[in-house]
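Next come two complexes, and both contain chain A; in the first it sits with chain B, in the second with chain C.
Let's look at the complex of A and B:
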């Protein structure tokens, strides 16, 4: 991506709170009309990053550029960057219409009353709040409040909208619907969204591109399927919450762990040796079987029904819990005896191996 | 089990407390309807009448008992209380707003402000009068020196009320307004102020009522007779002889206070509905 098409760029931004680095020399760029999701555990600095871009926090060092202009020291209200809060932060003393019109009615850039009314109505219709205009924001549901928050921001026609866990306050059902709507609305408006989330499924489902943040640093950036199938480090694999991770030793092209020694064809360079195998890549066989691949003896504990799949939990001799996912589309799940030993096996070429020997 | 014993005891305690609180006012009210001008400030009531109320408003024929010299003092006190209320509330809101961010020496400034309500009023009053007379050589007036002591006294109350309100205030609505391109000042006017208005109202009530019946500071810091505030004027009449006209006046000022409280209550009720909306929004967060 070239600088010309970048809508914003942050350059070596560092921000500390009382000696703790929330952001450690973060450099990030997003293009025009792009949906970027920012995934990180709590405390990874993702909200701080948004707040620095929005102008609510001043970075200790580094620069922030927006539309080619250095805005590091520009106050928030002069930036023209939209922000959608996790708690929506609606103006509680105003109606839906007044909330949406607020930026035009009181902003530094004057907008005529007629334009204000017209634009307000248009965006209210777009987010599906027609008929709610004169309600107080306490008289509408959580999903509707989310729409008001979005409408209020979008009506200002920003080129960049920052969303801080915007779906976190909604129930699961609504979250799924709002995901689709967010994408659709963004595409219609042609703005860049920078969406912060702690949910790996949300990040993978929504972003054109996903940025993984950990302890104030960006540890991977890429397309969702790329991150999913090629996590750059054990940490990324851990955040994706789809992999069983085993510690061990990678030496001379083979990995030695609790499951014995397995040949490795392709290892990713990382500061520690970790063997990762996706939940749905494991197979369960009786102890008496002699599988061709690697085998790990484990005790069945319990399972969890997830709708489209069943998650089975096993415990290895050294107390590690291993998760095995069975997609129901592949047939009815097998039943396992609690407290019984089984062998877990997989095909070695489906494992992702990290290590100091990797490339 | 326990409540069977505890409840009656608490009930008796509450009744005793209320009697203690309102008893004097109750007795005062009865005595204010004493016959005049010969009836004295004690029981029994020789004859029920509204003589002393009429006397306050100058509706009675002249008698040996002079009307209360409180008319001008009342006006003075009301103006002073109003000035104090406006100044202290504005200062209180502004300083509490400043305390939302930690700044160097903030705890020192905090104690400096709060000192104003801790220092004995007599000392403040005396000190101010000495300062005015001997150091600056200025004449003391109710609207200068006394006003300054009243502000120093009521400002901490307004400050603490606003501090408590702003402590619970969720700043994300302000950030939301900024991100919509609204300047911080406009944001304060259109978002922050409407939301903290219940607190502002309470701060105003504190400042007004505290100033209205302030005595020790005014005693020294206000000037001569033509600078007397209402509490000073009333105290002055005690020195001669007490007549039921003071009781009648007391009843009237109490009614005035109740009227003030009612206005406060109505305004509060209106803004509490807003606050409730905010609380609902905070629950989501």
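Let's look at the complex of A and C:
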């Protein structure tokens, strides 16, 4: 992607708090009309990154560009970048309509009263808050508050909207609905969304493209399915929360771990040797069976019913918990005896292997 | 739980308020009723009888001394209210909003309270060596050659009463405002910035309205204390400034109970009106 089509670009941005680097030479850009989700554990610097782009924080070094213009030293209120806060940050003493109209009534760019009223009503209708205009923001539900926060930002017609864990304060049911609505609204408005989240399912579900951030550095960027099937490092595999990770040694085309030595056809280059196998790629067989692939002896502990699948937890001899997911569409789950030993097996070509020997 | 048990519980709980009611009845309602009653008694030079009369009330409103004291009280109250707000609000803004560390803002608030570690009278009287003709302020200004003659208006005038009261009561304005400002979610201010509002707009449209309950509580504190004041005016005005409080002290001192009661009733009514007016500005119920 070139600078011309990028809506924003940050270039080698570093930001430290009391000697701790929250952002370490981060370079990132996003195109026009793109949904970018930024995945990272808490403390990975993802909120700091948003705050630097929004102008609430000044980077120690590096530049921030927006629509081809260097905005590193431009104050937040002159940037024209939308920001949706995790706790919504609605103005508690104003009504829904006054909240939405705030930016037009008091912003840097004057908007006529007639335009303000028109645009306010249009965006309120769009986010589905018709009839709520004169309610106070403490008289509406969490989902409606989320919509007010979104409407308040979108009415300013920003080219870039930053969303800081926008669904974090909602319950699971609402979160699912708001995901679809966020995508739909974004497509209708044709703006770029940069959505920060700590939830791997949210990141994979929402983004056209996912950026994984860890300890202030971007460790992978790609399409959701690409990241899911080809995590670039053991850390990414760990954040995706879909893989059992085994430490061991990769040497001469085979990996030696708790499950013995397994041949490896394809390894990804990484600073440490890790063998990753997806939760739903494991099969459970009795100890007496003699599986053809690699096998790991483990004790069954408990299971967790997830609606469309069942997650079974096993413990290996060295105390590591291994998760095995069974999709219910593949048939009724087998029942296992607690504290009984089983063999976990998988097909070696479905494993993802990281190591210093990798390519 | 059935309705009956809820009612029983409610009844049980209502006993909790009994000591408060007894206390307030004995020491507030009865005395106020008594003051109202006594204000209609007949006062002669050395005696007072319970024969009802409007004489004391007529005397109050016919005398320039008494009505003058009423207007002086109102005037000084308004001026002190204004000065404590003008000095107190920026202080509160700094302590409550701009100081990011909670520890530091607590320390600053404690510093504001330090003068209260000494007695009220000492705090008031300490202004005399400051403001006097040969007081600290005049000496410093003369040493700096800013003035050649000492400023005499500083002490034993209305100005000295205003200076003294503003200093003493300012902290009651700072405290509640700083508390309300401290409760404002910083994200709200950032959201307003993000929507393109500059500091002035954010202050007038977001910060000030949200701090208004603090302003009202502070104003009520200051008003109640200033309206009932007599010590500061007694000590710093050289008896030139007579507030309603001073009138009451003098009348009680000369055993003029009826006139003291009239003044007391008027003062209570003024305070009631002032508090009611402030409570109309904001709905404190929502804030607590």
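Here is the rule we go by: the second predicted complex is superposed on the first by the 359 of 359 C-alpha atoms of A that agree within 3 Å, B and C clash if a C-alpha of one lies under 4 Å from a C-alpha of the other, contacts with A are read in each partner's own complex, and residues count from 1 in each chain.
What we mean here is this: a residue touches a chain if its C-beta (ideal position, glycine included) is under 8 Å from a C-beta of that chain, and two chains touch if they have at least 3 such contacts.
These numbers were taken from a predicted model, which means no experiment stands behind them.
Trainee: Given the superposition on chain A, are chain B and chain C in a clash or a fit?
Mentor: Clash.
Trainee: Between chain B and chain C, pick out the one touching the greater number of residues of chain A.
Mentor: Per-residue touch count on chain A favours B.
Trainee: Taking the superposition as given, does A:107 touch the first partner, chain B, the second, chain C, both, or neither?
Mentor: In the superposition, A:107 contacts both chain B and chain C.
Trainee: Based on the superposed arrangement, let me know which partner A:91 touches: chain B (first), chain C (second), both, or neither?
Mentor: In the superposition, A:91 touches chain B and chain C alike.
Trainee: Just chain B (first), just chain C (second), both, or neither: which does A:54 touch?
Mentor: After superposition on chain A, A:54 lies in contact with both partners, chain B and chain C.
Trainee: Just chain B (first), just chain C (second), both, or neither: which does A:152 touch?
Mentor: In the superposed model, A:152 contacts both chain B and chain C.
Trainee: Applying the touch criterion given at the start, work out whether A:80 contacts chain B, chain C, both or neither, answering first, second, both or neither.
Mentor: So A:80 meets both chain B and chain C here.
Trainee: Just to be sure I read the superposition right, which of the two partners does A:142 touch: chain B = first, chain C = second, or both, or neither?
Mentor: A:142: touches chain B, not chain C.
Trainee: So, A:182: does it touch chain B (first), chain C (second), both, or neither?
Mentor: A:182: touches no partner chain.
Trainee: Quick check on the output: what are the common chain A residues between the chain B footprint and the chain C footprint?
Mentor: 54-56, 75-83, 85, 87, 89-93, 102-103, 106-109, 152-153, 156
Trainee: Provide the residue numbers of chain C that touch chain A in the complex, in ascending order.
Mentor: The touching residues are 185, 187-188, 190-198, 201-202, 205-206, 209-210.
Trainee: Residues of chain A touching chain B in their complex?
Mentor: Listed in rising order, the residues are 54-56, 75-83, 85-93, 102-103, 106-109, 136-138, 142, 145, 149, 152-153, 156, 169.
Trainee: Per the contact definition, I'd like the list of chain B residues that touch chain A in the complex.
Mentor: Chain B reaches chain A through residues 170, 172-173, 175-184, 186-187, 190-191, 194-195, 274, 276-278, 280-282, 284-285.
Trainee: Name, in rising order, each residue of chain A that touches chain C in their complex.
Mentor: Chain A reaches chain C through residues 54-56, 75-83, 85, 87, 89-93, 102-103, 106-109, 152-153, 156.
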